[in-house]
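The structure under discussion is supplied below as structure tokens; questions concerning it will follow.
Chain naming follows the written order as A, B, C and D, and within any one chain the residues start at number 1.
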């Protein structure tokens, strides 16, 4: 190995130029934005108790089902595909559960396998069409959306209540968190809690983080999203991976539907309308790129939390026109998306945003170096 | 690891600056609508000593229809700061789960009262139990829910079946017992309590009158356009046989009238196809006056005063009645006057 | 025009048999489906082709389908261009319709919620309405071309906020325009026996086709859609092209909004163009266009849109409830898309080949069996 | 034909009588090929000779119609890339086939990550990667994201990955075509190192010099058939080219003589740059004058800023400083369209990424630049477009089924000609040709070189960039030398020889200090 290679300056590989990957940057932005927004809300709306533990935990309790859908979307988006059927699948699952429990008299425990089965069924069919028939995922899952939405009405066009005792006890269950409590105005204790749904969501999140980072399947997802042709040549079964991603997304949508039903226990034709959009926007805010290959499940968690927080903040702005809350919510979304696009430069190496981004990246990368320099200077100072 | 921490802290600071910029712009954007409606409160300063009563209002979809907007506005105007209230409006955009989350948010924020116009009849037990435990009275508005009665304080709204009965009563005055009455029903969103009540009244009346026939019944989903499409297909199928159109809201009546007129059929009046509509918004009262709608049954959206009254009752230590029905009238093409139309605010 | 040679890997393989030429064409499948729907209708409704004049208007099933498809057609035209240039979709066309109609209604009615007097000239109102559509398109265009946000995410913003903005434009109320002239655009111009919607949609198809034929817009859109950086280097300003396409899409959506509101005589932003974006995307895909951008065919999209409307109308006529319609729609669409996918065609071809190969074998085995049986009989 | 030394070890990989047909085309016919362990074997041939088909048959991408593959004299069946992998056959392609969004270590180990307790052990993976990279002298950090590495490093990582799968036979399909000579040397060092360990390497390249520098044997294909197999020492360059072309090509002197005629005539330069710069990260301020009828070469290593320099003139990268004069008039060029309006043309370096509009037809690809120049409203009519297309297809002898064929189904050389046609159609006075001959067979290369000379003689001013020094020396009348994103010198015709250029590129005396 002692071949000496000619070495010129410009041939030096820029190993250290880009310390932080886009994924990392996006994650940092999202996390920072979330905490900034949270702290700002705490200060601005003092009377609304944002500093309470329960408010914080309810951000997750309220959106456990969306988190699952968003995680599913994170998985398919990372492979460069998309699934817009998840919202309707959620609605379908809730309707099936309600019908099973109330009209068919099934035992509550059966709702779990049935929810999962519905999700997996959608995942399998859509995954097959996307991966093995090579049909555009948008169209396939749009059909899935239509199908599920229509099936809800076929099963039952009106609202079905859930009265099953077991199921309602799951729905109402709370896992209190010790030591985290505040006192209410009337003197009662408001102890922070997690719902079983939130716990399931967190467990799924943890499993998914491990799967994405530490299993062959997880890495194959990124490889397929990064460059499917290369992945194929590197021995990744691209079709199978895409298929699996869709099945996983379907499964997560099934679980999400179940958690949704725990949260709002009823079957209603309007359940889950537009959740696909919520899930996609959560993923994107959390740093997933629609072009594939970039994103982390943790980012998605923060994406969901940001959306959840915005929902809490908007009513407090004191808007009296009926239409404004939604405009404001969209404005928040707009700010996030534009900020992100500015930061990332949208993969384009030109333009104002990219220059800004390069500068920021350079700053960030230079930071440790500069710090080291200061440190070294301090060290050498006494000598002089 | 240390490096990463340093990086994060740097980005935090940067993002804070960016957000500060964004926040600084935000209020100017939002104060415009706020300013216009709160200007009153500046003139008539509220009783300085009293603290405002905080009311959390979970509206199903604040700008869904003209009726819903009037409903929202009524709440906002009655529960204004000038009157000693602070209203927090959460618009759930017809998403049941978001509405539950909104109500949970009110509980966390410890509002004094919660008013709910429910998206969904079912699935309220858990969150209402939370409200009860936190000691916050819940007032249901407009839409009923399936939940144990001890979970909420009272319900304010319309009696939809009674509305339907007013309409069927008018039909029986128009037609004699030997006349053939062929009715088509443009239903509202299936499962909505308004749809259920109004359809029920019609079906009861059809069953009770042997000369009445329900030719067709389909949901027009409260929409003009859909109703127009459906009505057109009915006209193709049934033609001139139809002599009563029972539209479960104004918008659908509008669609039906257009479809009929485009097919060259006479609408309303004494000899045209009888049109029955619900809600009685201003535009449709005008149409009633013009004779296009024969009977328009009011569905009163102005729940604000009633809600305020209930809150005052509770504040005073009393307990309100479990069901508070708002007053509603019916308007007929032959008796309505321009004054009635002009007096309508929505 | 006469020597269209579609993507062949190797020169010399361009000679195809006539049936293959017909079935190999991009538009074959959507056309076939459209025909199937029509045939189905002829069987179930004998008066399908009947056209009569009622109240001075052509009526019947076919005029109905053409009428109801009008908005979708106009939207689909814009969507086709957006998909071609960006490889993304415009989710905000429905809200854009509402916003455009709101501008128009505001100008016509002024502060009145219901009047039959135009406060401003009708033409001006239409112009302002289209301008409103263009404005929405421009907003999306800026996001996509200058801020480089993926179209689906960029248009998500107007998708969620658009209807509320429209509500604000009309002071938060539904506007009723009672002047019969207003209905000219969406129902009928007095004396013309054809519904204006049909004419308007045809006019817009013609306009867009002319735009593509007479200018080089089509070439530019495809170039940018296929390879952005190559397009830049040959002197195309891809940003401007993208921006322009989004504006065009906005204007078209605005026009659809005006037609839609005119046909019901009111501006109700909660209803106009509800979930039309999904139908439009489907129409584009059904027409054989790739959703990842590049080459496009307007004819395909128009056929796709009519197919969707024909399916909808047929299902309505078969008494399928509006809310259950989606199940059938989904199944039909999946079948169409699968049938027109390359892989499926290949598999079918392979299956045929295998069958052909198997045929002699089956014949011989059958023959063997027959011989054996004969022999046995002979032995017996 | 066979001139193989009979004493050499028996081949480890043997392909006998390979045949492969596509509808209408016989791509391979009765081709024999063999590869020994520990040799570097060049597979040569023009575009369309059947090199890539042979490789694809060997790697299981295509199923062969006839023939057998033997490994260690035992027949093997290779039906999929996976089978090939199992047999120890790995491939590295011209375009880096790695995942840009993953880290270097992951790209090395994707699919066979070291695991503990069933989960990927990242520490171990990074450490093993570091070892591997060190062993192969690749200076990259295992944790860096791949797209932050230079193309050369990426290519080396691709090789490292291939090697690390315990491969016995390594196929390198034009791995050097986007690298500069320095980087190529490093790849060669890597190849020699692998050769020592007994790996058999099939090396495909268009660069003759590289073949003679590193290979042991050559197999030449032409028109889907094997012309022959030769030891490198027994085959001169001229012979090799003759075998590949199937005919004698014009000698260099002929080209040279044409070039002599070309001399700058005008006093006012067509393009004059004073302190032009497109930002410090792209190219430092430079001065430049280019005259009518002159071919100016831009030499330098890849990444030295030679492409960036011409891009800044063309407006592909916006100039942020300095002054640009066109025909003596000060001009601002903000985008390519401005440049085109000033009669400039730019044939980009990366044909696939920046050049072709893959799905569009040859006709559309030819007229697009002229159309863009004319603008949106003045459309080139169909008839006019067809006329142009036919004209240029004939003029440049572009091999295409017809003018409506999508450009993506043409061979690389013909694609390049279409792009040349695109620019010639705009009738430019100043043409920038960035690597017009890359990835193109020898025949077309010569054609293009001749075309360049002809264009110059017609009075066009040409900026020419090529990685092949010979090509530049042959055609250029002057050469600008770039280093470290700076213009470091200009060489007149009298100085145009290898050693001077290389010395200038390397930095002359300074490097001796």
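Just so it is clear, contacts are C-beta pairs under 8 Å (C-beta built on N, C-alpha and C of every residue); 3 or more make two chains touch, one makes a residue touch a chain.
It should be emphasised that the depicted structure is a prediction, and the values quoted were computed from it without experimental measurement.
Just to note, of C-D and A-B, the chains joined by more C-beta pairs in contact are A-B.
Centroid to centroid, with C-alpha atoms defining each point, chain C and chain D lie 43 Å apart.
The distance from the centre of chain A to the centre of chain C, with each centre set as the mean of the Cα atoms, comes to 32 Å.
One finds 35 Å separating the Cα centroids of chain B and chain C. The set of chain A residues that touch two or more partner chains comprises 157, 269, 321-324, 326, 331.
For chain B, residues touching at least two other chains, in rising order: 63, 69, 190, 219. For chain D, residues touching at least two other chains: there are none.
Here, these are the chain pairs in contact: A-B, A-C, A-D, B-C, C-D. Residues of chain A that touch chain B in their complex: 20, 28-29, 31-33, 35-37, 40, 47-49, 52, 54-55, 58, 61-63, 65, 98, 157-162, 168, 171-172, 184-186, 188, 190, 260, 263-271, 273-274, 308, 311-312, 314-326, 328, 331, 335, 339, 360, 363-364, 367-368, 371. For chain D in complex with chain A, the residues that touch the partner chain are 81-82, 85, 91, 93, 96-102, 106-107, 110-111, 113, 118-120, 122, 135, 137, 139-141, 144-145, 148-150, 152-153, 161, 180, 182-183, 185-186, 189, 192-193, 301, 303-304, 483-485, 506.
Residues 89, 143, 146-150, 152-154, 156-161, 163-165, 167-168, 172, 278, 281-282, 285, 290-292, 321, 323-331, 333-334, 337-338, 341-344 of chain C are the ones that touch chain A when the two sit in their complex. Listing the residues of chain D that touch chain C in their complex gives 22-25, 316, 335-337, 339-340, 346, 348, 353-360, 364, 367-369, 371-377, 379-380, 382, 399-402, 404-406, 408-409, 422. For chain C in complex with chain B, the touching residues are 54-55, 57, 59, 64, 68, 113-114, 163-164, 167, 172-174, 176, 187-188, 260, 263-266, 268, 270-272, 274, 316-317, 321-323.
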